[in-house]
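Got a structure for you, written out below as structure tokens; questions coming shortly.
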Amino acid sequence: MSRGTRYFATYGGRERQVEILTRPDGRLEVRVDGAAHPVDVASVGPSGLLNLLMDGQSVTYAARFEDGAAVLSFHDREVRVGIEDERTRLARQATGKAKARGRGAEVTSVMPGVVKEVRVAPGDRVRDGQALLILEAMKMENEIRAPHDGVVSEVRVAPGEAVEKGARLVRLEPPPEDAG
Amino acid sequence: MSAPRAIRKLLVANRGEIAVRVIRAAHELGIRTVAVYSDADRTALHVRGAHEAVRLGPAPPAESYLRIDRIVEAMERTGADAVHPGYGFLSERAAFAEAVEAAGKVFVGPPAAAMRAMGDKLSARAAVAGSGVPLVPGAPLAPEAGPAGWLAAAREVGFPLMVKASAGGGGKGMRRVAAEAEVPEAVRRAASEAVTAFGDGTVYLERYLEEPRHVEVQVLADAQGAVLALGERECSVQRRHQKVIEESPSPVVTPDLREAMEAAACAAARACGYRSAGTVEFLVDARRRFYFLEMNTRIQVEHPITEERYGVDLVKEQLRIAQGLPLSFGARPPEPRGHAIEARLCAEDADHGFLPSTGVLGAVQLPGGPGIRVDGHVYADQEVTLHYDNLLVKLVAHAPTRAEAIARLRRALYETRLPGVTTNIPLILRTLDDPRFVSGRYDTSILEHAAPPPADSDDLVPVVAAALALHRRVRPTSVPAAPAGRSLSAWRAQGRSAWGGPA
Amino acid sequence: MSAPRAIRKLLVANRGEIAVRVIRAAHELGIRTVAVYSDADRTALHVRGAHEAVRLGPAPPAESYLRIDRIVEAMERTGADAVHPGYGFLSERAAFAEAVEAAGKVFVGPPAAAMRAMGDKLSARAAVAGSGVPLVPGAPLAPEAGPAGWLAAAREVGFPLMVKASAGGGGKGMRRVAAEAEVPEAVRRAASEAVTAFGDGTVYLERYLEEPRHVEVQVLADAQGAVLALGERECSVQRRHQKVIEESPSPVVTPDLREAMEAAACAAARACGYRSAGTVEFLVDARRRFYFLEMNTRIQVEHPITEERYGVDLVKEQLRIAQGLPLSFGARPPEPRGHAIEARLCAEDADHGFLPSTGVLGAVQLPGGPGIRVDGHVYADQEVTLHYDNLLVKLVAHAPTRAEAIARLRRALYETRLPGVTTNIPLILRTLDDPRFVSGRYDTSILEHAAPPPADSDDLVPVVAAALALHRRVRPTSVPAAPAGRSLSAWRAQGRSAWGGPA
Amino acid sequence: MSRGTRYFATYGGRERQVEILTRPDGRLEVRVDGAAHPVDVASVGPSGLLNLLMDGQSVTYAARFEDGAAVLSFHDREVRVGIEDERTRLARQATGKAKARGRGAEVTSVMPGVVKEVRVAPGDRVRDGQALLILEAMKMENEIRAPHDGVVSEVRVAPGEAVEKGARLVRLEPPPEDAG
């Protein structure tokens, strides 16, 4: 059997190498850190569900991919597994580490909604936990709070505006050194 | 109020699962139904389930489901002789009941006067005060008094306290206040939410009871003057004052307490001249003292757990009462049987601040089998939007004992699949495992101190599952192209050949 | 028989709705489950619902679900300590129970000796003959006697008569014979079907009763010696001897008759040393005389109607009994409540000779709400094949009265959508409207004289519906191309823009 | 509003002309024999279901097309409506009537199944209702019977063969004139 495709999976604080091989009979074989695991996977229905038979378990799950991780929806929980294929890893290693984060930070919307009220303006000093704006979603008003002390450098939304989950709302710069 | 008369065609002035629920009851009674819908609900189950359907307007409730004028017009146009308001929306607006009756039609619910007395929590306290029903300390709040006046009222009630919308319900327009400094902001926010949700910004203050349990009693009152109670529902599993899990009977209610609460509930109903199905909500403290909280003058979200235990269809009883018929079961309710639990499956990310989740549902899979009742409105390709509340499905488990009902609900939750949105199923499952819930000794704070999601294990299944899912994504050349149209066998064949045959 | 002991892991040796049903019961009891599957069922609900799953072989039952050796091997491999056989397949094969017990495992069902006595209809007649249970006139049939011998036996029994497979059930291997000339062919066909279906071609003759009702009694017998009856089920709505609609209680059974039939059923169970859940089938004639027909030594397809009325989970009771535990409810069954009706939704074209219908299911929509129980195994994209029986879903309606239960079942059938195959829902709906059914005065011939589908009306809806559907097909240029993948909003938008906005 | 697309629908023994027009606002208008009917149609879900609001009814249905007819599945019944668009009708009228049927007749399979046994051979005289072969489907054995008296001219299947619905099984020629 030829060499398969390698993946690097980070889960539970540990990275493992997963190799997926196609056997001569067309079946797949999965090796985790070199140890073979008999598996059988089948698509279920039109919603992208997969059923995995492995290690004495029948597990049905959906997967979506976000920022180098697979978010797996099992029947009773959602689990995040860092996952990368070999090619991507090699390419990433060749171009160096991911860029260091800038000093400022974006406050993003953790839910879709409509901006009801904006409480801050550029230049405002804000405290950790201070309400920056009010977002209405499903008839509840939710205060979007500052994740840390800082100075508002930009307000990206206006009242009445509909925002998606993850939309950037407000940019916060670190507070001046003299801030308590 | 117009005289009771036979209902031949019923307009259901609501959407979602309760609209479906009411249509079911009407059809079983041989009553034709008319659905109303906003543009967001054109293909909703209630539109497809009813015999007729009338568009109200755009998606926002203020332009559709809250438009009394358009609903009355739809009744005229279709010849509907009665309207059922469901819960939420216009269900507790006396003005709606009056507009319906002014048009010569039947409002399936209590008399407008009873709605007015009980719909406003302040007048509700006044209405029951004389009937010996115990009350939580509280005070009204004059908007014009301003922050200083609000603070004075708050000091009188004592901290901690709740700011509540007088017209409220369902956790909207509600704020808990621990200290004086929070009073002005809490009042403003609660009033603002109350305007949005109910069109009425009146709020009031109420003493916050420590370790309270939220227990409510179902009442039925017919036009012949019968007022009966059908036991209690324990509703203490709440997040942000939204109920998540309800059960009946309450683990804390003894036969004596039940008798006293049922008597108080019937007294409250009589005090306001009630007719139809209604719910009297109480707080029960750690010493099993109970206090009147409010009366909900409508069918309640969690009504199915009472129905399962008593074998009574409360919506059918509402329709009977509205037609001037006596209760179906005579002078005494049937003996209740077993234990029932309801879980509300909502589109929200319970592990990340209960953020609402939107999306398009995929192939939904709902549970079944013995003792499982499903009240939902979901279907494949349904768009879950932000316009309405995020309740997708109510699951009710009924079994001879509480332990069996919990086990049954657990297994039903495991069977449920609502792909396309994030749901609170993981939270519900963890709550059913919570030792406080299992023992029955919990109060309304149970979800505030809920166990976090379990930590990652050293199980290899997620590792392999993630690799296989990515493998499928990055190696599309190894699988045949998905065929156009509905050639699903080919798609399935792809799943098989790409992922290997039997182990 | 091995000694009763705790079951920790249960292998379910079946497929379809009954496999799902058994898994549900096991999970509620905290028992781990192992599914088995053929290649046609790789993604079936029972495979996904169980904790583990083991492949048996190709789709044909003889190579998968009937392979005793592979099932016992799967038990060994997974460490399962018990097996539940469901109904059909190996459920009434004493040899299977014996093989399981020889492997030191628990068979969830009656002792092999009781299965042998009752599994064969001829020995069943012999077993109960001494216990005072009334028998239908009948005679065994020796294959080697040839047509002449068969004819002699048939004359002795009298015409009309039935040729029945001794190992049979579910209408397979069964032929009605009206005249002598039909005897040889009927015997050959019944024997041939019996070989295919049960692996045993023994057939026998039985007098055919006129206008008979098929009424069966549910019994439960535990290891402590308790033998109890849980009322009757009326199963006279049959086509080709396959039950379609069952109800409990039977409209024809009076309290006295029920008492007599329950006593006879318990006597039959005691006569064969029965243990577990079982069903004693009777024919009831126009004069309310009843005759023992056979005993089904397994859980019955229609068991849910008994469960709904009594609030008892029969599969859990089976699992309790197999572990040596007494019945959960003590010495007396709970009082039954209300009326329950089950309809079997099958993939078949009931209006065209009950031809089986195959295909791929689309977005299935199952009913819910009060008093509706759904036992199914359907899911979107499921392939309905010819390999197995065509039962897709069992709908059970439970209500205080028979009329309400019928109305409830009707509305649930209206809610049900099983796109992709033709089902018998139209026939079931017409049967529920049949005056004979409504009055309760029907016998096993009711479907032979069923009303035909209604004639075309002068309603314009079909005319417009057909034109709009074709318009969509012939004018594809007027709609945007269906997007790839799951961009369903776009697809929905197409539906809207192509077909017009709100009226 | 311009002229719409015309369809000819035959149902309940009567043909009607249905015209579907697109109004300037993009909505559809349907005219049946000239009379306008307000309708609203929307697709429901992924299975091709349509919901039609018309004449005070909310009706959900699926449609498939067979031999110039639409087979409509409503919740409680299946209905067959002959349906033809104008272009097809004109083309058909131009090329003359449909060909007259041949004298022989094919016995087709009314269900998918496996041929268990063949009872006739070419040349056999058969009677109306006589069993021609045994088809096994869903574990039931079904006799396929002759639809009329005739002579078998061809047997197209053999035992063990799997057949689809509509498959041609046996060809029957009319019986000789002397047949009773």
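Which chain is which? They are A, B, C and D, in the order written, and residues in each are numbered from 1.
Rule of thumb we're sticking to: a contact is a pair of C-beta atoms (placed from the backbone, for glycine too) under 8 Å apart; a residue touches a chain by one contact, two chains touch by 3 or more.
What you are looking at is a predicted structure, and each value in this text was computed from that prediction instead of being measured.
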- [ ] Averaging each chain's C-alpha atoms to get its centre, pick out the one most distant from chain B.
- [x] D
Open item on the list: Please tell me the distance, in whole Å, between the geometric centres of chain A and chain B computed from their C-alpha atoms.
Closed with: 32
Task: Inter-chain centre distance, chain A versus chain C - centres from mean C-alpha coordinates, in Å - done: 48
TODO: Return the distance between the CA-based centres of chain B and chain C, expressed in whole Å.
DONE: 37
Open item on the list: Touching at least two other chains at once: which residues of chain A meet that condition?
Closed with: 40, 42-48, 53, 57, 60
- [ ] Mind pulling the residue numbers of chain C that touch at least two other chains?
- [x] 42-43, 49, 55, 362-363, 379-381, 414-415, 486, 488, 491-492, 496, 502-503
TODO: If two chains touch, include that pair; go through all of them.
DONE: A-B, A-C, B-C, B-D, C-D
Task: Parts of chain A lying in touch with chain C, wherever the complex brings them together - done: 40, 42-48, 51, 53, 56-58, 60
Task: chain A-facing residues of chain C, complex - done: 35, 42-43, 47-53, 55, 78, 379-382, 486
Open item on the list: Could you list, by residue number, the parts of chain B that touch chain C in their complex?
Closed with: 20-21, 24-25, 27-30, 39, 42-43, 45, 49, 55, 304, 307-308, 311-313, 315, 328-329, 334, 337-338, 360, 362-363, 365-366, 368-376, 379-381, 383, 399-400, 404, 407-408, 410-411, 414-415, 482, 484, 486, 488-489, 491-492, 495-496, 502-503
Open item on the list: Give the list of chain C residues in touch with chain D in this complex.
Closed with: 171-172, 189, 192-193, 196-197, 240, 351-353, 355-358, 362-363, 380, 386, 388-390, 413-417, 419-420, 422, 425-426, 429, 453-458, 460-471, 473-475, 478, 488, 491-492, 494-503
Open item on the list: Can you tell me which positions in chain A touch chain B when the two form their complex?
Closed with: 5, 7, 9, 11-14, 16, 18, 20, 22-23, 25-30, 32, 37-50, 52-55, 57, 59-63, 65, 70, 72-73, 75-79, 81, 83, 85, 110-114, 136-141, 165
